[in-house]
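Should a chain be cited, it is by its letter among A, B, C and D, assigned in written order, with residues numbered from 1 in that chain.
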Amino acid sequence: MVISATPQAATGRRIRLGMVGGGQGAFIGAVHRIAARLDDRFELVAGALASDPDRASASAAELGLAADRSYASYLDMAQAEAAREDGIEAVSIVTPNHMHAPVARAFLEAGIHVFCEKPMTRTVDEAEDLVDLVKRTGKLFVLTHNYTGYPMVRQARAMVREGLLGDIRLVQAEYPQDWLSVETHNKQADWRTDPAKSGAGGCIGDIGSHAYNLGCFVSGLELDELCADLSTFVEGRQLDDNVQILLRYKGGARGMLWASQVAPGNENALKLRVYGAKGGLEWSQEDPNYLWHTPFGEPKRLITRNGSGAGGEAARISRTPSGHPEGYLEGFANIYSEAADAILAAREGKAAPVEVHYPSVEDGLDGMRFIASAVASSRNGGTWTKV
Amino acid sequence: MVISATPQAATGRRIRLGMVGGGQGAFIGAVHRIAARLDDRFELVAGALASDPDRASASAAELGLAADRSYASYLDMAQAEAAREDGIEAVSIVTPNHMHAPVARAFLEAGIHVFCEKPMTRTVDEAEDLVDLVKRTGKLFVLTHNYTGYPMVRQARAMVREGLLGDIRLVQAEYPQDWLSVETHNKQADWRTDPAKSGAGGCIGDIGSHAYNLGCFVSGLELDELCADLSTFVEGRQLDDNVQILLRYKGGARGMLWASQVAPGNENALKLRVYGAKGGLEWSQEDPNYLWHTPFGEPKRLITRNGSGAGGEAARISRTPSGHPEGYLEGFANIYSEAADAILAAREGKAAPVEVHYPSVEDGLDGMRFIASAVASSRNGGTWTKV
Amino acid sequence: MVISATPQAATGRRIRLGMVGGGQGAFIGAVHRIAARLDDRFELVAGALASDPDRASASAAELGLAADRSYASYLDMAQAEAAREDGIEAVSIVTPNHMHAPVARAFLEAGIHVFCEKPMTRTVDEAEDLVDLVKRTGKLFVLTHNYTGYPMVRQARAMVREGLLGDIRLVQAEYPQDWLSVETHNKQADWRTDPAKSGAGGCIGDIGSHAYNLGCFVSGLELDELCADLSTFVEGRQLDDNVQILLRYKGGARGMLWASQVAPGNENALKLRVYGAKGGLEWSQEDPNYLWHTPFGEPKRLITRNGSGAGGEAARISRTPSGHPEGYLEGFANIYSEAADAILAAREGKAAPVEVHYPSVEDGLDGMRFIASAVASSRNGGTWTKV
Amino acid sequence: MVISATPQAATGRRIRLGMVGGGQGAFIGAVHRIAARLDDRFELVAGALASDPDRASASAAELGLAADRSYASYLDMAQAEAAREDGIEAVSIVTPNHMHAPVARAFLEAGIHVFCEKPMTRTVDEAEDLVDLVKRTGKLFVLTHNYTGYPMVRQARAMVREGLLGDIRLVQAEYPQDWLSVETHNKQADWRTDPAKSGAGGCIGDIGSHAYNLGCFVSGLELDELCADLSTFVEGRQLDDNVQILLRYKGGARGMLWASQVAPGNENALKLRVYGAKGGLEWSQEDPNYLWHTPFGEPKRLITRNGSGAGGEAARISRTPSGHPEGYLEGFANIYSEAADAILAAREGKAAPVEVHYPSVEDGLDGMRFIASAVASSRNGGTWTKV
């Protein structure tokens, strides 16, 4: 067994973390907690884990939080924690979409760094305000577009930037799921299909935004305009459950984006293909340790995480040798651990190390503009719409 | 080793076949000849194999044609063969696109059945004329949309018709290749990128039409309108080399179609995914003996040609047991062998057996309308266009 | 669409072929006929297609043989065809195993080339006699170890010979099927599980011999000794239905061979992996257009038939461009077409062109020694046995 | 996004953990620490992290251990921790093989539970002594055969026990790697190829033992005898780097086991296939979220972790929904978290919950007997040897 290139060592004492949302029965809150814990960089010490006070305190007890640091309201929590000497340095916001902006605002204004789920807000206006607030407060805002934390996604991005693909021509992104193929009612489904909580987009916001973000992250391209066809296949559903979009990037590249919650047999099948004049790349989230590189005129190459041909960008955020698969939680943890480096630097008034990447508030605004443009385009019958 | 369900027995004497185009150095002519020969249903006895007389006769000699049945002109051939008692019963047209219509016309009018490459013509008008002519002459017109001849494509179609997928919601078709990623000059590339020979579409006509046809064949849907973005990435090329299209089918289903000749790493990667309310199907041309069936809420199933779970529609046109892969030539041969059944029936004034499928002149017209609509949509900046 | 590197042109008039066995209901006879026909190098003109005279003549009629060239006995056929001016030049023997040797003998002695199914004979003695007879008569003997006819198998062999793998250390061959997982009675199963017809080996002879042959063909190694464990899992079966063998090759390489007819989920899953000091190769019969090449310390490479990185040995026996899959029948046809080149050369008293490969009577003897050694080893409780 | 069936909640305060070995530069120590931390069930509070005192204390500081709980000797650590009120409840032994037994002995005798790497000891005698000691002390002994912690391995085991495969006939296990294909010198390679530290087996002990253990765990079979051929391909290496074994299980099932460190292109390619009279299963460590189930006579089924068709045994130890891949670290963490349940039960004098699995000291003894038998068999030239 070979030695992992770069095991992530714990450096110094842990960053004190709080959480809003993520009480019992939530999925993504538990994911954030594991992600924060995996590399031993954070310690969860406070929370407003649920809107219902009983569920909030039961959840807090289960997680071992001190009783006085389980809050019934995120506003109380922001104030109280800001006032403590040992108060939280960062907060993770894992509520439904409509609460992202107000909660983020409260903590940023209290001088606390923010981790926030995507889509960042319900509207573009809210997103623009957040950008301003982040600038003003100087706090870190980390959007958990977790798929950018996969080592082989970083590898892909590095290869594009090194010019191995030549000028990029095509970005084919897709993100099919099947869990909403039929009428579905549970905690996860309900808020995601409710415009009051999700915003104007359903599938486009929940997963389309991930696919869009990933395409930009890897290709380095900026979107110019799009033509979107949003559909709702399950009767009675208020938001889109299927999204098909043509993309025109600045500089002439073209793309397609398909996201769906009604494609039976697809679990979480985010996939990105990028083609340039000199080669192509293909990556699938469900098999994340592999990256196909297809230089034109040469045999196809399968690059594996920490395997031969994989580079330093991937190795830097890997924990195990090639052939020892890392997964969703490790990719998610990379967002947290990269942010930890930035937070440690910020403690000393320094900028984050140059090699550190994490999705920012600007990425969140870009995503909101993408969602809004797609919804507008589709409402207009599928017209080309500038982002 | 298990017995193949339905080996294709030669029944009776072979059908006399001629060929126009397909001389030395041609790719698709050789494919047609193998396809016609594979099940021993045809005998090639005449040809106008090249426009250049020397190459025509050299090609004929190489194929063992009698010297007096190698023609310098397809018009001569149609006349002479129609006049012979042992004249050809069918002709295969494997020329560049611009010659399909005139050659087909000549042979149909001479009372000879026609196999014709796609796209069927250069224009919709020509295609409509051919439809009329076929009706008038009563001859068979077989469009070699060969991918419909793969057993597992038939299996997929049968499963949709049996209702195993429920109402169809989504048709995702793609057909990327990479051979025109850079400026390329050879016999195959030159006519395909020349509007005078190809018609108004490049990639859209050459391979986009296949992907479109396959989607309709399997799903049973009819297209209502489309929004197309055709691109040319290689400088100096006159026709599109990349095609991205949104599709709206009659009845509300949605689709996407991507075809490309500039996607490095893709050789001939035609792939179809169809999703309905109850399940999905996925098929890839490069691995044609497999069909994924994903009934919602059940494990994914991999159905193999002649394997457990595969049905009679696939077995009927298979030659080998499961695990003994059939390929492109066998699928192509199925078009010929099915048509042979129809020709034998026609000899006796009967209709083709009900189980026989082959792509028809109407499919060709439908394809031409698809191409014309896509070109028009794209020229208008990517507007929704009725087919 | 790119031009196939080397379409197989028909050169000169066809070779006259006869067949023994392969009447109605037989699987492998039909395969041989397609294989012989695919490249238009042979014409089937005579046959002793079944031991039952009625079935023999019905089968012959179905195949369009002249009535006077359908024989009730292979001995009659050998004599009569040898006496005709237009008599067959070669015969295909597709009977159960016990008839291979006597039929081959009859035709060789009549001066007729022989294509013979494997395993070549029932015993090593018979095989040695055949080797002598072939030498004495100077006729061609082509053993249809058809898997050596796949282009990517040739590619693999060429890469080993070029030294790309370095010294070969390991040969891992497997050939699992599942069709005899339960008690099975049909024409195919019955003779294969009957020692009187199959010889001393069941699974070892039927498919183990293919896996062994393929390993030697690609690696270029010769076997020194083996240790075999043959099992019969289905009650009442007289012959082995599962075979597990350790192999020691001359020069120190090691190998394993597993063949099974009782491994549910495996259709015809012949697979070969060869590893040397500098790299590895992996090929699977069910996906025959792909070859993995894994040079040590570099990314894995997926080489495709006629794709980038594939060489001339594969292209020479390919008919279609990369991405247009060829399959079992094409690989089988390559054995026939290569032999056709050898037969044409023999007509003029010349040796076969140097690039031509076909499995020979010596390969057949080697296979019989392998089978006999494996049976002996297993009967002795699994002891190391020299081949 | 669907809710994970069974997120692992932290229950109560964390178990106090120590570690022996695993200082800077070690691979497996870091893995154990992440595994222990992932579900928040353990807290690392003490260590004798390296034999070199400077490296030991530097490593301890890096991990945030209190200075007085970083020990220069494991013996001191066992005594001191046993004497503390807040002393460790369990220790993880992640040293080279030769230190497993003495360290385990020291902590067991001090009344501390043990997590121990495999192979458990250097000799069968040492292993037998450990079994006795575990019985005598009543402490838990958890052997980190981590691959049994993968959810889909549990799924496979459950399916075998439910009888879905019928009587098991075949167990095909393989574990090829390539990292020792050439002469290699580093910390990881050196002790693994040194008999004084590894014991009598090289590849057989390091990875062959995993493959063997996995086969028994899933199939439920016990080995009766084996015939092993151990090879050393890299010149100068003192221990085997390639292992090929025939297996006979009690009750008549047969198996093969291949493990290699010299198979280029294989990173950590542990793979298990089990076949019974009614169906088969196939699982690959590098793609651990998938399990093929192939019931005889039905289509192949691909079962995914937490996807349709997956059962409670897998869900119980999963953290994320289907399509969100878990990997090596999560599987490893499952061993720790299951043991945590057992330790919590032991705190109260209770037996572990019935659903809890972890590899035990008896599994370790079984593995040592397997290794010893294989080495003996191979030294005798490859003779059948009772385990």
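Everything that follows uses one rule, which is that contacts are C-beta pairs under 8 Å (C-beta built on N, C-alpha and C of every residue); 3 or more make two chains touch, one makes a residue touch a chain.
What you see is a predicted model; the values in this text were computed from it and never measured.
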item: Chain whose Cα centroid lies at the greatest distance from that of chain A; value: C
item: Between A-D and B-D, the pair with more C-beta contacts; value: A-D
item: Chain centre separation (chain A, chain D; CA means) in Å; value: 34
item: Intercentroid distance (Cα basis), chain B paired with chain A, Å; value: 43
item: Distance from the mean Cα position of chain D to that of chain B, given in whole angstrom; value: 55
item: Overlap residues in chain B, where contacts from two or more other chains coincide; value: 266, 300, 304, 307
item: Residues of chain A touching chain B in the complex; value: 169-170, 172, 178, 181-182, 227, 229, 231, 233, 242, 244, 246, 248, 254-256, 258, 260, 262-266, 273, 275-280, 282, 292, 294-296, 300, 381-384
item: Chain C partner contacts - residues on chain B that touch it in the complex; value: 1-4, 7, 9-11, 13, 25, 27-28, 30-31, 33-34, 37-40, 62-64, 177, 179, 186-188, 192, 206, 266-269, 285-289, 304, 307, 319-330
item: Chain C partner contacts - residues on chain A that touch it in the complex; value: 293, 297-304, 307-309
